[in-house]
Amino acid sequence: MYGTGLLKGLSITMKNLVKPGRMFTLNQYPDRKIGLIGLAKMQNTNALAFAVKKPGTAVKALVGMVSVPDRMPQHGRFRGEEFSWYEQRCTGCASCAKYCPLGIIRIVTHPSEQQIPEGDKYFIDVFDIDIGRCMFCGLCVEACPYDALHMGSGFEEGKYRRHDLVINKQMLNESPKRPSLWFRPQIEGKDYHPHSHEEIEWQNAGRHERPTVEQQQERWTER
Amino acid sequence: MTVKTEPVTINLGPQHPSTHGVFRLRVTFDGEVIVDVEPVLGYLHRGSEKLAEGRTYVQIVTLTDRMDYIASMSNNLAYVRAVEKIAGIEVPERAQYIRVISAELQRIASHLMATGFLLNDLGALATPLMYCFRERERILDLFEMLCGARITLSYMRPGGVFQDTPPEFWPALEEFIGNMPTYIDELERLISGNEIVLTRTRGVGLLNDVDAVDYSISGPMLRAAGVEWDLRKADPYEIYDRLDFDIPIGALGDTFDRYIVRIQEMRESIRIIRQCIDATPSGPIRAETPFFIRPPEGDAYAAVESPKGELGFYLVSDGGISPYRCHVRAPSFINITPLREMLLGWKMSDLIIIFGSIDIVLGEVDR
Amino acid sequence: MDFSETGILSFHGIYGIFALFLPGWLAYAVTCGVLAFIVINAMVMSTALYTWFERRMIGRFQARLGPNRWGPFGLLQPFADVIKLIVKEDTTPSTADKIVFAISPVILFAPTVLTIAIIPFGENTFLGRLNIGVLFLIGVTSVNTIAVLAAGWASRNKYAMLGSMRGVAMLCSYEVPMALAITGVVLIANSLSLYDVVQAQSVPFLIVQPLGFLVFMAAASAEMSRTPFDQIEAESELGAGYHTEYSGMKFAIFQLAEFMAPIVTSILAVVLFFGGTRGFDPIPGQLWFVIKVVLVLFGLLWIRATWPRLRIDQIMGFAWKGLFALAILNIFVIAIEVMLFQDGEGNITTRGMWTMAAVNWVITIAAIAIMVNVLGGKKLERPTPKPSPLANMYAEAD
């Protein structure tokens, strides 16, 4: 009958109201309101014991005023900021700079005098990435032949000035080495997630078929 | 007594809640009735086609993301198909399947967005929009698993896709495909039978099949006019000739038909994905291509059925590392050409929903 | 005004206290001020609470959470909003009609609050027991048409102008079915006083005359421009409608009046159709009143969260072709029934009420079924899709 569609629509919205199972997959970033039961579970007690021990906090949790930090759930392949860069692996070939569609990677090198374990290599004077213009396409990571550059996994690098967004060699060296799994199948299989707190050493970040030092030196002498 | 009236000209846009971007319409109203419409384009022109001439073939993939930014996968697919055609690259079969799955997922996401915003234009206080976004969110999660991004995907490369699917992708996709039909049913029960929606949309914004073909309309808008034409059947690309699916068509070519065709296309997309899941072989996902592709001199045009219509890329190569010319046949841009004829004589409220039912993306219109 | 029978929270109660130590005229003025202060602030506070309720509930309807950051369950969110609106710059367009621009928020706000003056909130809780309450109500609520027109005109903005023009046409049209729907109530209650209306509802009028209730609710939701009749604002078409150019505190007052309107409408619906303060005993009448108001508010919210809006000509057609006819039918039926069932003093027994209810439900369902199928039946038929011959997709490729 004409007119029943309106009532059907009302029943759908009511179903969504009373059935909370189909909420958005939203996390309450940056912190999440936590109820009394959740709070007690975090402290490894039950709700009643917790309420007896800390009545003030319990009441606060009951009215929804206690929050715990939370972060967005991301897949390990998330292409984020804070590039992970291993200076030990980088030869200064500037493939990344050439491959970048926006040309925002700047590399200045000079021939290295010191003995480097990785074979032929330039010493890197400058390695700047202008995050402010970066679109996180990941082509630089795809281009890197020695797996020295990885995407990061963060997204909270807000700054007040544009030039603060340029990350230089020092910042790249000091930043935590938690590379994203993007285009790095070799670390994807290792039961590693960028959000877990262990960092990846430079020896473990590369591809298996990467030539060893001997092979490289051999190749060098052949030339 | 006679009352002196005069038409009033209103700028709808470029900043307006319902122009789906920075689109501007100079509309002349006689009271509430539209007597003249003049679309003004170009507020989002970024010169993508010109930029493409200065970039290598792989780098242009990132530009295509930003054209139809709510259906990046389809844009990627159309572009890489053009490059493969001009450079003669053979794509591995697994890559083709993955590309079809992701393109169909993108079609569902885009149609959900179109439906939600159409209802928002109808004034439904964002409730259907939120339901649509809830399901779209799951698709974006799948995309994040595939390529680490949610909107600007850059997933495809000439010769395949850049990275194989992670192991957790397939169970998640199965779950999504299992649940999605019930979600669409729920959406349809909320919207399709609603008498207010029917009164607002039925018979409004008519575009018949002759006009649609004359204006070279494509996509759901053409099929709503009753023309059973779909590039996936008319000129099967990738593996679409192996798949079994129907082309939904509308009866009159009004706003309601455009909506219902989109809903039915989502169901067809689910059918396609289900067939693909069973058939996807293992193997390489990317043909061996050099970093800097140098196609031979010549030109190529490759088109796919994007959620908005026929999306084609025309590339001219001079043998260098970047195309000599890159032209995009953007469905959004061509689909708004009959806007004036569709709008004249309707009311202001109808303007919003007719415009909403065309489902344009300004990034693609202005490029 | 007839202040002969007044309650505790009433004009005479407070006047009596002030008259002990103040001269008569001053006590009168002070009482007026005190009462106005109490009523306006109570209404503003309940509106603030209602905005929180509305946003929370609509969030839940839309599978979201709604505001939950400020205070327990986000209860302080309205205050954060008010602070934000106060500190915002109050701009006036340079071409605007400054005086009209400035006073139209107040014109919209005032009648909404005035309505409260005559509402019986409880057995002895009311401000003034006006013997022509219903008439006062209809008169006062129609003032907001002027405010909408003034705001739209003074803004010198085409969107605002379109919105206010729609508003005037719509509000004027819906006055008629609303007044006619209330007439049915007056006929049964045999009085224009809202207090008597409540007293007459031994069976809630919602049950006795469902048709009147439906017409009243439809007309009232158009009067306060809520979905499906929110063409005045129509945020997807006109930006914000008649208050497009307003900002800062003026905008806040518009919003206040707009969010107060559902509360007032619910209160009226409760008084006229839900038996007002009547309920069973352990719970006091005032609490019954609040419970019923919240229920009606929830119903309005539910509709707002679900339905899209109609076009302006469809809205006008609905008023004149649909609601007007239904309201006339309602009055006709009620008048005949009242003639049959009313005794000499103008009272109707409970048994008579139930008989009327039974008859009216049948009439209501039949009338609505006929009405919707006459008005919208044609739209049901639709041709089956036929593939157009223009598609030559299976033709041989050249």
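We just call them A, B and C in the order they show up, numbering each chain from 1.
In the analysis below, a residue touches a chain if its C-beta (ideal position, glycine included) is under 8 Å from a C-beta of that chain, and two chains touch if they have at least 3 such contacts.
Keep in mind the model is a prediction, meaning the values are calculated, not measured.
Trainee: Compared with chain B, which chain's mean CA position is the farthest off?
Mentor: C
Trainee: Which of the two pairs, B-C or A-B, is linked by more C-beta contacts?
Mentor: More contacting C-beta pairs are found at B-C.
Trainee: Could you state the distance in Å from the CA-based centre of chain A to that of chain C?
Mentor: That gives a centre separation of 52 Å.
Trainee: How big is the gap, in whole Å, between where the Cα atoms of chain B centre and where those of chain C centre?
Mentor: 42
Trainee: Just give me the whole-number Å value for how far the CA centre of chain A lies from that of chain B.
Mentor: 30
Trainee: At which residue positions does chain B touch at least two other chains?
Mentor: Answer for chain B, listing residues that touch two or more other chains: 127, 130-131, 134, 190, 194-198.
Trainee: Multi-chain contacts in chain C: which residues touch at least two other chains?
Mentor: Each of 61-64, 305-307, 372, 376, 379 in chain C touches at least two other chains.
Trainee: Could you say which residues in chain A touch two or more other chains, in rising order?
Mentor: Within chain A, residues 2-3, 6, 9, 12-13, 16, 22, 24 contact more than one other chain.
Trainee: Any idea which chain A residues touch chain B in the complex?
Mentor: By the definition above, chain A touches chain B via 2-6, 8-9, 12-13, 16, 22, 24-25, 74-79, 95, 99, 101, 135-139, 142-143, 151, 180-183, 185, 188.
Trainee: Report the residues of chain B in contact with chain C in the complex, numbered from low to high.
Mentor: Per the stated touch rule, the residues are 8, 10, 16-18, 29, 32, 119-127, 130-131, 134, 190, 194-200, 202-203, 209-210, 213, 225-230, 233-235, 249-252, 347-352.
Trainee: Could you please specify the touching residues of chain C with respect to chain A in the complex?
Mentor: Of all residues in chain C, those touching chain A are 57, 60-65, 68, 71-74, 302-303, 305-307, 368-369, 372-373, 376-377, 379-380.
Trainee: Per the contact definition, I'd like the list of chain A residues that touch chain C in the complex.
Mentor: 1-3, 6, 9-10, 12-14, 16-17, 22-24, 26, 28, 33, 63-65
Trainee: Under the definition above, what is the set of chain B residues touching chain A in their complex?
Mentor: Spelled out, the residues of chain B in touch with chain A are 55, 58-59, 61-63, 65, 127, 130-131, 133-134, 137-138, 141, 144-149, 152, 154, 162-164, 166, 186, 189-198, 291.
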